[in-house]
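Shared between the two complexes below is chain A, which pairs with chain B and chain C, respectively.
After this line comes the complex of A and B, so read on.
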């Protein structure tokens, strides 16, 4: 028995589960009312109260596919949506993104494959130049199309993962303190950051926000007491541009009340 | 039809031709870019020296986000190679990074031949001999090297 190829059997089973999720949930959904969350938590007092609290601050949400890439995908969608309406921030982001390739190559990432991801990433970024977009509605539709096309959507996720990994490497002495278990930064990057479908933790969020110089607010909704959801800004003290809902193991996009 | 996976495989192939790493080669099969044949030459100063080991690499449309399935076609006696030719190597499983290309895959397998990991055995006999009876291990490896000339 021992010499059977168990790795391939496990991989095959994982792929079947993933296929079922793919068929059920789009990569990024249309806008849903926050109230639609109630359907998932019938008769569940704790969550129902927290959804009420969430509604005092947010009106809509977009669900993302729970494939382990949800943080990166949700972040990219929400941030590009913000940038598409904010010329000043868009311009500085675009030049930061443009220059990031050289920086990652200097950190030792393989140039040949990095270029492939960077080219696609920049192609997507350029689509959402506020100067090129006349209507909010057009932009949102274009974002939905782009992010539901697996090729583009996944390449954007990969590039964000590489930026995150690069930041961890660049400031390894700092991030080493946040790593649980016996991982070195090197092992953590290769095992938990760069591979697709690996879930994100605080450390991924902190490193990505720092690499892109942006603040993300995450609203935590779990079984904890108090009936209120808890917000956490990464990093603290800056104005958040991206709003995400966290439920254990998963991130979705939130839209604040205007 | 051009898809991200196919475009990337064309690039991988171009790079492998223009900048071939020592001791490995690979190319898509005649009518399907998703299935490649490859050869790894046994690294010098190892019992695999002089062997020419054939492999197949099968990609899916999810490449490079997911690793391909790589398998030895030639018989290989090695702690991390299964009887069916499947390879137990972390970068082909849970440590796969989309930044790896065909060239990186083949050179990683080549290094695995030189440096087996007997703690995660796919072939328990090979792993045990590697740890406890290196002479017998090398004898068995050399037998598969000779076999590789005939294949």
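After this line comes the complex of A and C, so read on.
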């Protein structure tokens, strides 16, 4: 009986922590200067130097809520923002997204719930059709509204998780090599990709980029030596459309200097 | 351009309900509370060839307003021998495991998962261990137990009626059951007669054998 009470209390406490994070940090923040990072690393030489380096390449950033979904949420926001200004890429992405539903159903995802997520995902994608939005300002505002509404935002995250999981299944022979430990691809998909709030690793990024045929550049900022941040493109050799900042355990959105 | 549709746990649960009505889960009936779609009750009909056969198992699902992004809590009300009652069950489909919950799972998949877990014997938080016969006994007593539960009768009036009918039929059958032992007794007596006649037959054979032996000895 005592054990059960303790479990109930742990659950309650977790909920409390989650609520506090929700109140403190929006799902996707407004534009912040890169320099605002300095506030988080006062007197921390290593990071201060790296922030300086980051400033040579990027001007702004958007913070995302650290809820384990940050990679997917940051990616979706940044990519839709790019697509909303690039008609050609938008059209090909839209048809790829439209067709992805049938593909996932064929891979064995439950049709009824998948349809629900796909419909909402497409609804969001259609909002950012360059033909419909003329002003950049309008689009950014709409993106902020959409991604800060938990329902829409999380539906988009789920659908991207399903696309990632589908890619892993489709090319299981290839991705199996990237999985550490005794996980099978099947277990990895169900335990590390499909559930919400599970953090993303390289394998998630590689699979999603491959599923959507897009390149993402991730700038790594950690305690490593050298005073410079390291960029990594997924996949290499293509022109990146989405720029993300990685600090251990977390992804934010970056805006390059122009 | 602004938000048209409200995405929430209740809109998704309404869809799940329509779906469940159209495509019911075998052995399970489930209904949301009319005034609160986040609270559901279900009844599992013990499947054939299981220790739960003939039993009715009543329980509830409590959905968070974050559904389908977070799993529901699952509770059993009827004593069943597999799960503790009125305790949060720890299943991959319940809120004890938000980290293995998959948002594409629907109410139907939750109920299917619960039943298949019930039919296994893997232990987990909230499970108990009982023998086959204890489960059988609980299956039998579940009928009476449920009809005394006010919420059960309110949520599932048809099943409640069905159980009450079964209980009255059961009472009628009971006197008939008492007669059967008597017939058993007669057969036992018959068997006794058989065996005694067998004994006398052996005795006669032995007598003849003794006479022959006696005759042989004399002739020698």
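A few points about this structure:
Everything that follows uses one rule, which is that the second predicted complex is superposed on the first by the 248 of 258 C-alpha atoms of A that agree within 3 Å, B and C clash if a C-alpha of one lies under 4 Å from a C-alpha of the other, contacts with A are read in each partner's own complex, and residues count from 1 in each chain.
One rule holds for everything that comes next: a residue touches a chain if its C-beta (ideal position, glycine included) is under 8 Å from a C-beta of that chain, and two chains touch if they have at least 3 such contacts.
None of these values were measured; they are calculated from a predicted model.
After superposition on the shared chain, chain A has more residues touched by C, the comparison being chain B against chain C.
Shared-chain residue A:225: touches no atom of chain B or chain C.
Within the superposed three-chain model, A:113 lies in touch with chain B and with chain C [touch as defined at top]. By the touch criterion defined above, A:5 lies against chain B but remains apart from chain C after alignment on the C-alpha atoms of chain A. Residue contacts after overlaying the shared chain place A:236 against neither chain B nor chain C.
Once chain A of one complex is fitted onto chain A of the other, the partner contacts of A:142 are limited to chain C, with no touch recorded for chain B.
Applying the stated touch rule to the two superposed structures, the overlap between the chain B and chain C interfaces on chain A comprises residues 4, 7-8, 11, 109-110, 112-114, 116-117, 120, 151, 154-155, 158, 162, 190-191, 194-196. The residues of chain B lying in touch with chain A in their complex are 3-4, 8, 11, 15, 64-66, 69, 82-84, 86, 88, 93-101, 104, 121-124. Residues of chain A touching chain C in their complex: 4, 7-8, 11, 109-110, 112-114, 116-117, 120, 123, 127, 132, 138, 142, 145-146, 149-152, 154-155, 158, 162, 190-191, 194-198.
Of all residues in chain A, only 2-5, 7-8, 11, 109-110, 112-114, 116-117, 120, 151, 154-155, 158, 161-162, 190-191, 194-196 touch chain B in the complex they form. Residues 1-3, 5-8, 12, 15, 19, 66, 68-70, 87-88, 95-96, 98-106, 109, 125 of chain C are the ones that touch chain A when the two sit in their complex.
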